[in-house]
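Below are two complexes that have subunit A in common, paired first with subunit B and then with subunit C.
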Partner chain A sequence: MLRRQFLGLLGATAACAALGKPAQAAGTKHFAGYPGSNGVLFDATRCIGCRRCEAGCNQVNGLPAPDRPFDDLSVLDQKRRTNAKSYTVVNRYDNIPGAAGPVYRKTQCNHCLEPACASACFVAAFTKTPQGAVTWDETVCVGCRYCMIACPFEIPTYEYNEPLTPRVMKCTMCYPQITSGKLRVPGCVGACPTEALVYGSRAELLQVARERFHAHPGRYINQIYGEREMGGTNWLYISGVPFREIGLREDLGVTPAPELTSGALAAVPIVASVWPVLLLGIYAVSKARDRVAKEETKAAVAAAVAKAQAEAQTKLAKTKADAEAQMKTAIEREVKKALEEAAQGPTEGGE
Partner chain B sequence: MTKRNPQLRWTGILVFFAALSGVCLSAQGAQEPGAAPPPGRPDQIKIDTLAAYGKLELPAVTFFHDKHTKALVKENKDCQTCHLVENNKLSFTFMRRQGTKPEELQSLYHTNCIGCHLETAAAGKPSGPLDGFCRSCHNAQPPTPARLDAGMDKTLHYRHLASKAIPASTKEATNCSACHHVYDKQTKKIVYAAGKEESCRVCHGDKPQDGVLDLAQASHQQCVLCHLDLAGKGAKDNGPLNCNGCHGAAGQALVAKKNQEVVAKLKNKEVPRLQRGQPDAALITYVPKNGDTSGKSLLMEPVPFDHKAHEKYTDSCRGCHHASMDSCASCHTLTGAKEGKLVTFEQAMHSKSSKHSCIGCHAAKQAPPNCAGCHNRIEESRQPESATCKLCHLPLGKTTLAGSGARMTPQQRAEIAESMLKERPKSPGTYSLGSLPAKVEIRELTDKYQPVELDHGKHVQALLKGMEGNQLAQYFHHDPGTMCQGCHHNSPASATPPRCSSCHPRYFDPKHPKRPGLQAAFHGQCMGCHKDMAVKPVATACTECHLEKQK
Partner chain C sequence: MSHENPAVKKTWFTPFNMVVGFILLVGAVITILRFTKGLGAVTNLDDNNPWGIWISFDLLCGVALAAGGYTTSAACYVFGLKRYHSAVRPAILTAFLGYALVVFALHYDVGRPWRLPYPFFVQSGPTSVLFEVGLCVFLYLNVLFLEWSPSALEWLGYKKLRNVIVKLTLGLTIFGVILSTMHQSSLGALYLIAPSKLHPLWYSSYLPVFFFVSSIAAGLSMVIFEGTLSHRYMHHKMDETYLSEHDGVTLGFAKAASLVLAGYFFIKVVGLALDNNWHYLLTGYGLWYLVELLGFVALPAFLYAMSVREQNLKLVRWGAVLTVLGIVLNRFNVSQVAFNWHLPSAARYFPSWMEVAISIFVVTVGLVIFRFITTNMPIFYEHPEFKEHEPVELTEHELKPHPQSF
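After this line comes the complex of A and B, so read on.
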């Protein structure tokens, strides 16, 4: 590769990088959630681990009957995760330092303000609804399960035992039932006997949480989990013990997942559209330059040859003329000599 | 340019990475904030005497005192092996008297410590670190000493007071003068002042000041020297002689056990009252320090205070008199003063967060299960009803207005307080039990279960029983209806309180965050109380309250 070409490519790369920047900035615009969107506040100090929420969820969503009944609390002896048959599970956390007894925590989709699952889905099967829920559209899903890898809370699950029409299964915050007016609050919230779960607008719930902190100083960890975690979620948690003790990750940071990838992803169209054009252009320009140079050389060579030929002709002609002249002179001299010799010869011979 | 030595360069790179990994490893090993440091020993002493004269060349020495005293006992050696006698008293510094120059200190320690270790080693016995093992003593990361405050509660105080080994002075009937003293400015001597005994901390602070020893020095001189003296005289109970005896968990357990044994033998199994001339009853009101009694009667009514009874409720006088035995108002003025750390008189009496204040101590008494059932339900941040002020601030009556309490003599105040205390009710009040419903049927959730039959009478009896023998509870619940408000809250006390559903709607409304929906109100009240009082049924035993519907 010529130095000039190399520099050209370098310049193109730089130009692309520069073009990519404004796109990235557009992708990381701060989104504070849809105003008035709804959520659920979970209060670990109120949860008694009765699993009524699991039963309520199962019922309103028409999920298959569980292996063991919902009033069997020995299920809590093992840590569980959500699966294709249950959108929500309650876990018990024992021997927490500073806690008087076991503490329970309900797991389900947290309905992120900017969901990682939605940003990972290349067919846009996930929607963050203005009402707060993150919903999944089975008509477009291709079953890649990127959403399951993307979710920091490990929530979406898959119907692996369904050979023909497997679905991604996760809590919908009862979006279909509430929008259709079948339910007032999500199934789990309606089933909770102690208001460990309350449903309302996210802004109001943050207020409710703070009221509880104020009413009972020292009873709660002064933090609302989900207010800022992963950019904020519509499901909020408050607790009397550190959140890590009840299985909530404290290492997620406050950056929404899409923000982590939008820069790189926003650069893709730029790279895909600009790079080929630019590189082909550079190739064409250098190619054309080569051609012109070649033609010029050819012409120059032809001219040089012609000139040399002309010069040779002239030289030849001159040499010829010189030779002729010389020859003429020589002939003349010889003739003169012969004439002189002829003049002297008869005298000497006559004696 | 000269050609660099490649070996030197590689060494440099290696050193860099070693340093980097060192930094990373130490960062990784850094303790999580809030995690408890590794526990040390109670007898651990940090020797950094030279730190006062400049930066230390090596880390401070970690020294275990009990380890050394134990070794000396084995060798039949005494304290004077390490501590010199100065003014007929054992010095608490190592091998030196006052006025030792700082430049002598290093060699003093090295010569004596290592010298003794060498001698021991030469005798073929296990010894401490020898010459050259600098880091064995100069320990860069010593464990945190697990030293507890020695403490002197009223039982331990009584044991000293009653001890025959500590004789009374010739002038007094008691042996108080053996420990308690004051500094007489005129004679410049330490003398005993009867009836003016204070806690050591009043003069002996955290640091030595104006020739007054700090608390550690003062108490070691007083306690340890006396214990050693008694041990020398062969007293039966001479008190602890090593660090662990007072500052270690094991030593303190022994002291506590002995305390219990002593109390068990006493009359009423109670330590007798201290005799310092304190009143049986006091009328708490703001008496200005300068005796200015011209103040207007704008103060709250005074509080008759049962001093005698409260002496039983606390471990030592310092439970309330945290600084000195003077009256609270001498430091805590109405508007706050420097000597009272700007804590006003009102705050000193009412601060919920202080264990020395009336309200703070009373609030702490609400923690046991008998009380927590109701009291844990009450919002901590809630302002008390103004009517409850009158439970302590009793009206003095027509003739003696509030504020005039300041004009009375202490004697008069004590008398008035005593008479007021006598009139105070002594038992919890309820409405006549016969007028209250014995059973209450709760018809919530009847779509799934049978109505709940609450044994109302049993609940009332249980709460009354919980207050038995608790004077504090009995007095503060003497108004009929006060106890009922444990459940029937937020409406005026009444024998016929409104139904729960009068306030609690069917569903929770986030616009009224403090008002749960009806079901959660019942469950929160019942389950919360049952959990805090540790009574059955447990929260998840649904059918023990809600009977299954018959099919």
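After this line comes the complex of A and C, so read on.
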């Protein structure tokens, strides 16, 4: 039994060692992104909401034809999000206090430095490439859609109408096209007529953004969305109006998504190693208590029996002694009586 | 008895069979739809709401309500509360079926169900909480199968194999508790990654602890609840040991559930205080949160405590029903009501009738299998041939049939 328990514990330890990952939540490490990784800078003051980026994206990625043509700008009357047919959409934001007219903002995958989707995927279907893009691998995806729960920017979409081979669809920053040399810049960037989109290394783009702040005082709010949000993203945004006015959440914080769950995951090996000790301990204690209780009962019963026996013995002895004494007195009495009778006998008989 | 009375002649068209047959038929039709037209044809899921009631009910509630397996076997075999021995087999069976159905239901929800073993055999994502959930559920399903198998082996008459597996009881129980601790808590930890989507009253870094502790209350309450139902419908299958221990099990579990619920209430309040979320209590979500916390945690804790004090079995059952409903409410609140609370109401999710029908279908399948197994296998009674093989505690039961010292 002991050997088996020991082997079991050994196995559990080995499993933990094999599965465990260093918990970085409490560490001081900070991942600032792959050096030289690329991204895109979106400038909301330059975007005119022409939807050419949507058309460019659709074309280079071979996506299905849209429900309404890309030059139909009336679709901007409603807020849209990415879906299985479109990796990117532009939305129009009206009546923003302090803005002269409507402001447009393009939505697509932000290609986080430490992506929530990649951290959440239980088959590791997502990859943060050193070039900056976050890509998805169709050959392993199970279709659980936890990536869609996890993404703070609500980007990954799903082919709900595919019965057996649904894909998770999202912007790849044209990673396959660029690495194969088919494109130099992502489809949307190439299609933009106003240079509202710039493709380049993330470090340079941060520089470009700051230069624009400097060159046009008062035109921008001096903040780059994506520099720190959720630990930073490769897609960056600058704007003349507060980001919340153009649908970018300002309450996401700067904690990278993997850190949100690393604490809970770090508890796994501890549970796996402490619980057996604790539970076997409780088992041993309850067993020992049972045994002690049983022994105590046994001892108490034995003592009681011994006592009863001893009492019975004394009682018996006493009774015996009493009986003997009684017998003795009776005999003596009888003898005495007989002697007396004998002594008196002849006199009486003589009369 | 060759002359059968036509009035009691066996017929398949009993009301029970008719209802079950109808549900299974509807389920079969929707199953075909799901695997020919896709999730879009049968569910109201969309890109903002990727997880519907097949996750909220079939997975989150299913796993929580199947917690009776590890709580009961731990109480009996690890904590040495042998008077609960007769409750172990029904609890293990319920848990085994519960987990089997969770996995069965997942085949509807995920896109490519045949890839469900991929995380363990093809490519692992150990940074994912879902990986931990999947691995633990997968392992625990095997543990439960082994824990349940002696009843099937006794039924089939495989004595040797049965005796080998019975010897593993303690090891399996401990492994089961470890796995349950990990995945019950991890189901809560799934939502840790989405603080921007879950309402602050339900989001907490203690979510894993909340899910784990509440699963204990859920497991205990399900044993009581299911025992009550079984008593009504499977009474003829129960032996004297089961029947004589039943009231003791009910009151003992009620006492434990009362304590666990009280503890759960306090750690929920600690979570509230830690994040300083008091000001949300006066909003609409806050009132709903209070309904859950007071009506479905504090109230059943109180009812359980009362019922134990007064030895009132009827009140215990009310406590159990309320706790079970409370766990369902909590899992739905975390995964649906409070999830995506920032979205406009038009973008929120409400299940389609077909999603509800599949959930009912899954539960019905479980019920039918439960009935088959409890009718045929030694679940509520001990197999006469194996009575003497049971550990010592059995003779103890016979010595004192009413162990109700609370």
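The rule we apply is simple: the second predicted complex is superposed on the first by the 277 of 351 C-alpha atoms of A that agree within 3 Å, B and C clash if a C-alpha of one lies under 4 Å from a C-alpha of the other, contacts with A are read in each partner's own complex, and residues count from 1 in each chain.
Keep in mind that, in the parts below, contacts are C-beta pairs under 8 Å (C-beta built on N, C-alpha and C of every residue); 3 or more make two chains touch, one makes a residue touch a chain.
Please read these numbers as outputs of a predicted model, since none were measured by experiment.
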Fit-or-clash call for subunit B and subunit C when the two complexes are aligned on subunit A: fit
Subunit B versus subunit C as contact partner of A:H216, first or second or both or neither: first
First (subunit B), second (subunit C), both or neither touched by A:E332: neither
Of subunit C and subunit B, partner touching more subunit A residues: C
Contacts of A:E154 with subunit B and subunit C, given as first, second, both or neither: second
Subunit B versus subunit C as contact partner of A:V271, first or second or both or neither: second
Partner chain(s) touched by A:E296 [first = subunit B, second = subunit C, both, neither]: neither
Which of subunit B and subunit C A:E340 touches, first, second, both or neither: neither
Which superposed partner A:G143 touches (first subunit B, second subunit C, both, neither): second
Overlay on chain A, subunit C to subunit B nearest C-alpha distance, Å: 6
Touching residues (chain side subunit B, partner subunit A) in the complex: 379-382, 507-508, 510-511, 513-514, 516-517, 519-520, 523-524, 527, 531, 539-540, 542
Subunit C-facing residues of subunit A, complex: 4, 8, 19, 21, 81-84, 116, 118-125, 140-146, 148-150, 152, 154, 156-166, 249, 251-253, 257-258, 260-265, 267-268, 271-272, 275-276, 279-280, 282-283, 286-287, 289-290
Touching residues (chain side subunit A, partner subunit B) in the complex: 46, 48-50, 71, 73, 101, 184-185, 192-195, 198, 200-201, 204-205, 207-208, 211-212, 214-219
Contacting residues of subunit C [partner subunit A, same complex]: 34-41, 43, 45-48, 50-51, 74, 77-80, 109-113, 115-116, 118-119, 122-132, 134, 170-171, 174, 177-178, 181-182, 185-186, 189-197, 205, 208
